[in-house]
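One chain, subunit A, links the two complexes that follow: it is found with subunit B in the first and with subunit C in the second.
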Partner chain A sequence: MQTTRRQVLVAGSALAVAGGGPALAQGPVPAPQRGGTLTVQLTSEQRVLNPAIQASTGVYVMASKIVEPLVDLDAQGEPVGVLAERWDGSADGLTHTFHLRRGVNWHDGKPFVARDVQFSAMECWKKILNYGTTLYQFLEAVETPDEHTAVFRFSKPMPQGLLLRALPDLGHVIPAHVYAGTDIRTNPANTAPIGTGPFVFKQYERGQYLIAERNPNYWRGNGQPYLDRIVWRFISDRAAASAALESGQVQFSPYSGLALSDISRLSKDARYTVSTRGNEGNTAHTVMEMNLRRAELAKVEVRRALCHALDLGFFIENFLYGYAKLGTGPIPSSSAPFYVPRAAPYPFDRAKAERMLDDAGYKRPSRGAMRFAQPLKLLPAPWGEYTVNFATFIQQSLREIGVRVEIEARDAPGFLTGVYRDHNFDLTTGWHQYRNDPAVSTTVWFRTGSPVGAPWTNQYGYDNPAMDRAIDVAATELNAMKRKADYQEFVKLAVDDVPVHCAVEHAFISVYAKRLMGSHNTPRWSSSSWHDAWLAPA
Partner chain B sequence: MKRIGVLALRRLAQSVPVLLIILIGLFLLLQLAPGDTVDALLAQMGGGDAAVAAQLRRDYGLDVSVPVQLGRYLVRLLSFDLGMSAIYGKPVASVIFERLAVTALFMSCALAFAFSAGLVLGVLAARRVNGWPDTLISTLGLVFYAIPSFWLGLMLIVLFSVKLAWLPPGGFESIGEGLTGMAHVLDVAQHLVLPILSLSLIFLAIYLRLMRASMLEVMTLDFVRTARAKGLSEGHVLRRHVLRNALLPMVTFVGLQFSTMLGGSVVVESVFSLPGLGRLAFESVVQRDLNTLLGIVLVSAVLVIVVNFIVDLLYAKLDPRIVAR
Partner chain C sequence: MSPAVRAFLRSPAGLLGVALMLLVLFAALSADWFFPRDPLSLAGRPLQWPGQNPRLLLGTDNLGRDIAGFICHGARVSLLIGLVATVVAVGLGTLIGAIAGFYGGWVDDALMRVTEAFQTVPNFILLLVLVAVFGSELEVITIAIGVVGWTAPCRLVRAEFMSLRTREYVLAARGLGVRDAGLIFREILPNALPPVIVYASVVMAVAILMESALAFLGLSDPNIASWGNMIGAGRSVLRTEWYVSAIPGVAILVTVLAFSLVGQGLNDALNPRLQAV
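Right, the complex of A and B next:
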């Protein structure tokens, strides 16, 4: 059966509404087979393979097969224990106790103990890990009453739900006996990781490939993991990457690693599955950020008018080949615990946009003339096709309503410096990754107080005390229901003030050979351990 | 032999100021590019707070002024220390050394192929000037010259790897097969066929045009007529008298174009995922890994100097009237 991209999209939305539970709608599952090598294509490599000091999908896609977190998300998107068997929290939210799995050994043979969790949390997650430094800011200590219990003590209330949903990304445990007393950043184990996971690090040839082999002593047992070996190949040229997939050299391309045109083409090829399923936990928005330092953009009516000028349905269908849907606010529809359905806030209406600009005092001097004295300077985020194409689309759309936009393309370091340090932009596009709880990396886009130069924060001069209050209240609210309600206030303010237009919502696209089985069965599968993945005979 | 050694040393000494100017110029030029290697790292991470970034800048020695950074670099260079690579966390010298072998093998094969095929085709075309072989070869040459190497590379992959499945689509060797000896050599050769073709065809076209023109010119010279008048066979005239003289501009061009080829290998290495110097250079620009980039430029500059030195020696060999000085 061929799956069209529209079907994929519809399936994706249905799942998202159902709570990201991709376990449904599966036919009879064939019995897993042992053996085989899974080869995965990656567009770029990383400086380290240590998810305890670097939180990014590029690290997880390799290292999380070797190093495991305390908690992951199950098929329904609910926290499930990995290195932690179970947990309980105190009523005041200040203490969270994790009961650790027994009988787990590191790949070097030493037993996994509570001290490893203590070391990872206090020395890595709290001090070095991106997003961890914020999340664990008020983590005072991790106590180890015995070898299999780790007690997290916070000085401010930490909602259990937030901690558990953050841990799959920000809770990988590395061995204390390897790292303690060394410079964590330069420890050789960062590029030759030692973990407890189903695959053991074997070889890393920089610029070429990484190999991990089956861990015969994996704690889950039951013949898992099924694969003998995983090879990650670094193929930076996207056209070459799809050729590698089509020639059978590679079986899996994660995280939208191919050109969208190739993804669309391969979705019609019966040999491959092309889907956002299994990536719901890695949902992101393609956004337009507006610099409020620019006089025109400081007026909220102007910002709203610009949003109304974008025909996002057209953009999704023609630029993104349908692999996306309209954004409704900073919390994506895939986030069941926090999402309340709402309509896309700024439907396409060019006449309305023009009227709003007229009313705001920016009339066209003459037909065909431009409304602002100076063009808007747009820095496209160089994070791939979505953000770069969106910039072009914005430029063309705004021209229609008499707003001239000049695009200044830069590479990643240049972009980060221009936007977040020098604030030398009027508009920019962005890729806002949602990490399963708004407090992890979503509210930071709207809260004041981030130092100048801190990337991926509010650097567009947006300042609303009501917004800051809403964010702070929700972050420490312990009652899950109340917390969800608090975040609706946050969403409402974010949408009304619209310093950031969360235009398009999308999950990463996976492209893989149909013979890859037991895959994409959890919402963050590409970043999970792949202990139950297997390959059907070619 | 001793004379050549002295000559080589003198050439190298003469090039030291040039190398220094290149390095300092590049160092300063890169300061104009916004963002540093910590920004690149943050971009890769997708987040990071200001305190961690400041700590990283200290670790990479980026917290001091540009003149101090440059001074530190030059002082280290005096002791032949190229510094640490930010991307790889290893000394730059060892990072480059690992990649140099791949690039050297790849480029010398491409150069050898372009040179020899260009030579043979050029001679063939010149012998039958304006006949059908000449027309065919010249047209082919134009086509090769007009095709951009990255596009050619992709098309070769589509044809030979995806459709026909004869050759691997990329990489330097089969991964994890543990091949040794002859099997390994054949495996690498298989992986290199398509990249070499993509890189060399454009140079082949240039060499063939050059060889043809040069042959035609030499064939009209007096000493060729004399040789023919002596009653030498046509083959003998071509090999001993024409070819040798016609080769001089070719050899000049090889020296000149070596650096162009180094540049072209960046693209081809990316398309074929070859772990060579070109891709390393590209990666270090993107990641603002200054030490690695300067190291690559230094090594490439030395390579170009060495190749041109060899070309000078070849001149003397081809034409005894020229003496390398």
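Right, the complex of A and C next:
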């Protein structure tokens, strides 16, 4: 790893602008150094580098260095302008005006203008982007009174807080002059993106690597970005990934990309930082989903009994190396604006679980015999150790209360069609990600009306009109305090009806060499633009 | 005692093989006795080293399962798969090989083209395809392993039949009016079998390895205690708790070695040329 140029910048003020945040507040502040190549390991690739049509951390971790959103979150988790400088909203929540940053150019030299925002919002976010199609369904038009103003007009009230918290994920702007008049889904720029970000797309070799290089004309100036180049390497074998990190070929493994045993081992190695910091905005739940089409699981007492049978404390401690905590409901504890502390709803109590099943009419035919005539079919989500090991743990735990579970392992496409299109499962594990506001990608797991086959939505036949009402009321409530209260109703229903058991809450784990500085200083850092990241000499 | 049995008992390799095989058989038969719990159940805290807990002789894997119990119950699965897959492969191979070798001509041509079609696809790839299409239940996997392994015994039997079908005793039987089926199964097959029996032990060893390889890739039946399943699960903790993969690995090694040694012993005993020396 050679440092070609080193440019020592004046510390202090430059860093404050760069948003060093609390990470650098401890001890003397080192001055950022220019140059160097940051190599990042990724477990898989999605073959789409356009975050305006595909919302996924797997897209952001690469593309958000090249393509920027209107708004991101700062160190405190508050919205901060990126391509939007400032914003204001009308009292009725129907109009939101974004004043765009001036003097920003696309990587191909053309100026960034309001028309780009209009095109991205109306053609991509509203029509194609997953989660965006729900969030922006009442977006009527984006008006552009001048080149640097975009006015969003909604037909139903849109809370400003919701919009601003959604935009970091669902608000990436792509160039209209590249996409207009083409088929957006097949535009070649989807794998060779043109953006306004601190890094310029260089080369993408499927299955091997993606390279982006420093944008010398980046609008933030001040010597940013500091890195010369970023290389993302796709290393799917987790043992090889940790070896690459330890040999210094890779400096950063985001999103829990290593085996938990290796993460635990590296956490004791002084050369690496192992932490969930900088990933608070990407909190996820490992869940157990129950298909209500199965007669036994249609009874809420049975669903609750199954939840009581899981000793989740044991699971977290021994299967997840302690890198998680008990889930309390669909809104995770990391979501300060919406979370109200509550206890884990289904504490481990095997005797109670057995009693509940007895009372529901599913007694064991004889001692030690199984309660249901047919075993429950469990499809483990193939998203790594959390969901696969959780499936085994469910199988082991439910057997103890007389419920036999048969696991049917499938690859990712087979799993998605089996669960979300064919509904051919009784139980499944899953990994549900929370994105700053419940209305972005959380309530969709509980509301009816998702098209059949849409992954990560309510596909287990759960249908409660009270739930639909609670979700709709909260989504259009403009008063922030009242909105928070509305969501407690949503949480209560979700926990009581428990079609999805939000069993375990965890942030993603980042493992990175201590040389990587200016990093993990915002709540969704791995998905942010890395404009202020830099590498200390090896 | 027949000379073949005596010859087998003189072969040290064969004796060692039988001893190891009995060991595996004992583990399989005594599994319910010593380890009455479901081998997939949670036996204790995951990743306890062997010897750390007197109740768990070989420790626990990363899913908290008792490794000792898993190994014993896994012996049943491996033996079952090995046995059934071998019966399928050798049965199918013998039948097709016998017909092709006995009749020759266009029958032979047709059957051999089919055999070659199977042989051109690598066995394991074909197995992956079969499992992907028909699912990963134990029965499917066992039969699939048998189906991908029938070509080698088939070729072997065909070659034996081609050399035996013109021998005097076959011609004599034919002259006495014995029908084709009688010639194939009563006259030629018993004399063609020795090399097939030797080869069957290899097929059995390969079948066990194939199931393990499938399980290692996470494609075997996850609801059974199979050694390969445990190796696959243990891969993620290989750098720190290597014993999780190593112990079932040794079990596979011992079993496969046992069958190979028995095969060698049988070869020593049944090969007339070696006997003469």
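We adopt the following convention: the second predicted complex is superposed on the first by the 511 of 538 C-alpha atoms of A that agree within 3 Å, B and C clash if a C-alpha of one lies under 4 Å from a C-alpha of the other, contacts with A are read in each partner's own complex, and residues count from 1 in each chain.
Following the convention adopted for this analysis, a contact is a pair of C-beta atoms (placed from the backbone, for glycine too) under 8 Å apart; a residue touches a chain by one contact, two chains touch by 3 or more.
Values in this document were obtained by computation on a predicted structure and should not be read as measured data.
Once subunit A is used to superpose the two complexes, subunit B occupies space next to subunit C without a clash. Of the two partner chains, subunit B is the only one touched by A:56; subunit C is not. Of the two partner chains, subunit B is the only one that A:229 touches; subunit C does not reach it.
Judged by the touch definition given at the top, the superposed model places A:151 against neither subunit B nor subunit C.
Touch criterion met: A:454 reaches subunit B, while subunit C stays clear of it. When the shared chain is aligned, subunit C comes close enough to touch A:259, but subunit B does not. By the touch criterion defined above, A:122 lies against neither subunit B nor subunit C after alignment on the C-alpha atoms of chain A.
In the superposition on chain A, contact of A:75 is made with neither subunit B nor subunit C. In the overlay built on the shared chain, the residue A:298 is in contact with neither subunit B nor subunit C. Using the contact criterion defined above for the overlaid structures, shared-chain residue A:47 touches subunit B, although it does not reach subunit C.
Counting residues of subunit A touched by each partner, subunit B versus subunit C, the larger count belongs to B.
After superposing both complexes on chain A, the closest C-alpha pair between subunit B and subunit C lies 5 Å apart. Under the contact criterion defined above, the residues of subunit A that touch both subunit B in one complex and subunit C in the other are 239. Here subunit B touches subunit A in the complex through residues 33-37, 39-53, 59, 86-89, 95, 98-99, 153-154, 157-158, 161-162, 165, 168-172, 175-176, 270-273, 275, 279-280, 283, 286-288, going by the rule given at the top.
Listing the residues of subunit A that touch subunit C in their complex gives 238-239, 242, 259-262, 264-265, 318-319, 385, 389, 392-393, 395-397, 399-400, 406-409.
Residues 37, 39, 44, 46-47, 54-58, 128, 130-131, 133-134, 185-186, 190-191, 203, 205-209, 211, 229, 231, 233-237, 239-240, 243-244, 246-249, 410-418, 422, 433, 441, 450-451, 453-456 of subunit A are the ones that touch subunit B when the two sit in their complex. Against subunit A, in their complex, subunit C makes its touches with residues 38, 40-42, 45-47, 62-64, 135-136, 218-219, 222-223, 235-241.
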